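I've put the structures underneath this note.
In the two complexes below, chain A is the common chain; its partner is chain B in one and chain C in the other.
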Partner chain A sequence: MDTDALKKEITKGQLWRSVMRHDVEDNPRTRVLKVMSNVFLHLHPVRIPRFGLYLKHTWCMGGLTFFLFLVLTVTGTLLMFYYHPTKEVAYADIKYLEFDVPFGMLLRNMHRWSAHAMIISVWLHMYRVFMTGSYKPPREFNWVVGVLLLTLTMLLSFTGYLLTDDQLGFWAVTVGTNMARATPLLGHEGPFAELTGASPYNDIRFAMLGGSVVAGNALLRAYIWHCIALPLIVAMFIAVHFWRVRKDGGISAPQ
Partner chain B sequence: MAEDSAASADKKESMPEPPPQPEVTPGEEFKENVRDFVDKVRKRREAMTLVGWASIATFCGAYALALVRFFFPRVLFEPPNVFKAGYPAEYTVGAVDTNYQKSQRVWIVREPEGFYALLAKCTHLGCTPVWKEAENKFKCPCHGSGFTKEGINYEGPAPRPLERLKIAVADDGQIQIDKSIKFRQEKGDWEKPGALLKA
Partner chain C sequence: MDQFWLIISKPDNVPIVLMLLLVGFFTWLALSEARKFDKARAEGKTVKEAAYGDEADYPERVTVWPFLVREEFLAAIAMTIFLFIWSMALDAPLEEMANPNVTPNPSKAPWYFLGLQEILVYFDPWIAGVILPNVIVVGLMVIPYIDPNPKGSGYYTFRERPLAITIFLFGFLILWVLLTAIGTFTRGPGWIWFWPWQYWDTHAVVAETNVDFSDLFFGISSGSFTGSLIGFAVIAIWFPLIMALPLIFRKGRELASEMGIVRYLVFGNLLAFMLALPLKMFLRIFLHVKYIWVTPWFNV
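Up next is the complex of A and B:
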């Protein structure tokens, strides 16, 4: 039996037909249907102009950012198998991952460097979108979604910083959350704090840390925001972001 | 309605003849009644829809408030802010006590008129100043801010005086200091009760 006949036999079967909702012949119609009838690909524009593939036009920075998000999701999930978010063992777990867990060092470094790279790529993506004028109508809403995603990426980076529970992370989060003291109305050292009765035990910083000092509760909260809450929110906005690229006419073209 | 019963009567020929239907010609009054009824039902439905959505909105609003409150724990497993600092008689008049600097970051000053507690935290960038007995001042090693024994800033970059802490006598007669209650001179807090423990 030659491969073409086998391929035909398989693609005619019910198993195949139940998964794929279209023919497999290579023609413009099935090429469109392949994208349209796939839940993952349907977020992607059906057609891409030739210049859209040129590296000099997009730098592929949005795609790289998404790729790094996927890498971070996979490596982060694997790191969670060995990490306990408690003051007693968090730092020891990081050392365990680094020096004893098989492939732990590779895993942790992939997560760490991808995180650094994602911050850089997301900024460069924003820079590219600005330089190509891709924030202009009808794409202005997607720019706003992009700004939200940028903020969420920074928050992911910030919450991940504390999890190693070393001096660097501890002081970074101490300084970062101390800034929240100065929030107007909501921070106990900010403007109008007397008006709202904000104190170190009821202000926005207290809610972030789950206490008045950077301790066990803060570590657990950073962990949950970092591993569950923020990634879910980011995934939702990524879906909207990609879908809007498609709906707004694909990659922006030079006028 | 009338058509319906006529059609079913046709189908069931074996059934006995239905009683004769009264001849009804819908008059204007009847039509008006129907319109009123439909209007009433529509208004009732709108009202019920409003009640339904209002319930959902109320629930979601209450849930959102509960969610905000959820992030503020009631019980904290943190080091206590209140500590006892010995008996008043153990203090020398005119001296700055630095025994609690390392463990509590607090200086206790005994003056002829009473006691006050200073938080050992520079108001510039938060370093811990040093009490210099010979020069009669608190000196910050980081950027050179100087404070008088009272805690008033008089040299260097510190923008405001040191903060005083609530000081009182506990039930057992010991001095008790509450670090969570602060008194700031520039706000006139030092005149308030609790800023000074009168001798």
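Up next is the complex of A and C:
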């Protein structure tokens, strides 16, 4: 059988055309169309500076950060099927995941290690952007967006830490949120708390935890920030970030 | 050493070891690329020639399909394999159920905040836990606006931007990465320093008598009015001092006039914040100074 003829038959057919909108032959025209007519690929420009391909230049860290964000979204969604954010069952849900859910342990591990990896990759991405001087005009604003993403990434990981409702997460989050007590004016142990009348029951830490101690309300709040609010905010800023990489002339390169 | 191995091999600490290796590798990469570039420039090559090396006549732009798409695809596959191996080799930790009545010793924040937790040794929580994190975030955000140097955009170099790189490396490698590692590996029960070969003894105590700045240097009680005034004076002098120091040198004055007054003030204040940390660490570790400025409302 003539495979070339078959290929032609398929790729010229109505079905193929309706999905792909372009030929498959490799020529400059289709190379452009492949990117332009695909909603996912068109996040990219059609052409990029060659430096964008060099591992030496990008360390691939921005891309890997984004990929890890996607992995976290997928594994996180799967984890949500098995998890209830209440003091009564949260811990048991994790045990259930580890011992009863098929591949539950693998799923949990993937989510946790991807989270750690994302923290590392986002730091390294910042490091490389600095070392190649890529924050300089016209990319200043994208650096600012990046710093917000860095902060948000760490908050995402932090809110996730509590959800296992074990000693590790509980005390890590207790230690972390105790800092908020000391906020000047807004925390009950901070400087000038008397002036604002901040107490353990109305200060900024109370607002974060939904209570004066890390308990059920804190778990629910952490869950909502972790699974809904922060991912949406991060996704939005990533969209701005990528848009700006393009608008600022693509990846930086020596001029 | 057993203790050290125990800490390093804790599943949640493995990423830190990985991070340290990666940071080391990339520091080497960036600096050795910078050295290569600077050398080529010194030999009279243009920026482009120096950065592109022998590929200077390749096309400047390439199509995303297939060049970038295939790279992304490979990177995604490699990362997926890496994550699978990691997830099969190491299990995520799960300790006993949360119990507010049993405080683990040491109680540690998540590893990426341990640099900040380490700063708690030197500053009260309102500074270490609230002011400094905000200064760090804001400080990072303003970098592009206070760096007036147009050179070094899009390539590695050290000679063309020595100041920016030195400050950033100091902040990132010492004040962030190193402190994170210290907070993870050397801080045991009671947040006491343990060397890697020492056992984390929960009953260990360190006899340390701390004094305040004015007591030590002037013999005046830090809580008294005069003591407090001295403390205030030290802080009040620190910021202008750090800002003024560079102006002694010709290069510093050039930098200042290039930046303009607003940029320079922002830069100087941030620098003063950044340097206050190692200074306080020094005072604390070698002279056992606890507070510099004591007031009825807060202590610094």
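In this section, the second predicted complex is superposed on the first by the 211 of 255 C-alpha atoms of A that agree within 3 Å, B and C clash if a C-alpha of one lies under 4 Å from a C-alpha of the other, contacts with A are read in each partner's own complex, and residues count from 1 in each chain.
Keep this in mind: contacts are C-beta pairs under 8 Å (C-beta built on N, C-alpha and C of every residue); 3 or more make two chains touch, one makes a residue touch a chain.
Everything numeric here is computed off the predicted structure, so don't read it as measured data.
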item	value
Simultaneous placement of chain C and chain B on chain A, clash or fit	fit
First (chain B), second (chain C), both or neither touched by A:Ile120	second
Which of chain B and chain C A:Met236 touches, first, second, both or neither	neither
Which of chain B and chain C A:Met80 touches, first, second, both or neither	neither
Which superposed partner A:Val213 touches (first chain B, second chain C, both, neither)	both
Which of chain B and chain C A:Ile10 touches, first, second, both or neither	neither
Partner chain in contact with A:Ile228 - chain B first, chain C second, else both or neither	neither
Which superposed partner A:Val89 touches (first chain B, second chain C, both, neither)	neither
Angular separation of chain B and chain C about chain A, which is computed from CA centres of the superposed model and rounded to the nearest 10 °	80
Chain B versus chain C as contact partner of A:Val24, first or second or both or neither	neither
Most chain A residues touched (candidates chain B, chain C)	C
Three-chain overlay, closest Cα atoms of chain B and chain C, distance in Å	5
Chain B/chain C common contact set on chain A	213
Residue ranges of chain B in contact with chain A within the complex	68, 71-73, 76-78, 180
Touching residues (chain side chain C, partner chain A) in the complex	12, 15, 18-19, 22-23, 26, 29-30, 33-34, 47-48, 50-52, 58-69, 71-72, 75-76, 79-80, 83-84, 86-88, 90-100, 102-104, 107-113, 117, 124-126, 128-131, 137, 140-141, 143-145, 147, 149-157, 161, 165, 168, 172, 297-298
Residues of chain A that touch chain C when the two form their complex	26, 28, 31-32, 34-35, 41, 44-53, 56, 59-60, 63-64, 67-68, 71, 91, 94-95, 98, 105-106, 108-114, 116-117, 119-120, 123-124, 126-128, 130-137, 139-140, 143-144, 147-148, 150-151, 154, 157-158, 161, 164-172, 174-176, 178-184, 187, 189-192, 213-214, 252-255
In the complex, chain A residues that touch chain B	199-202, 206-207, 210-213, 215-217
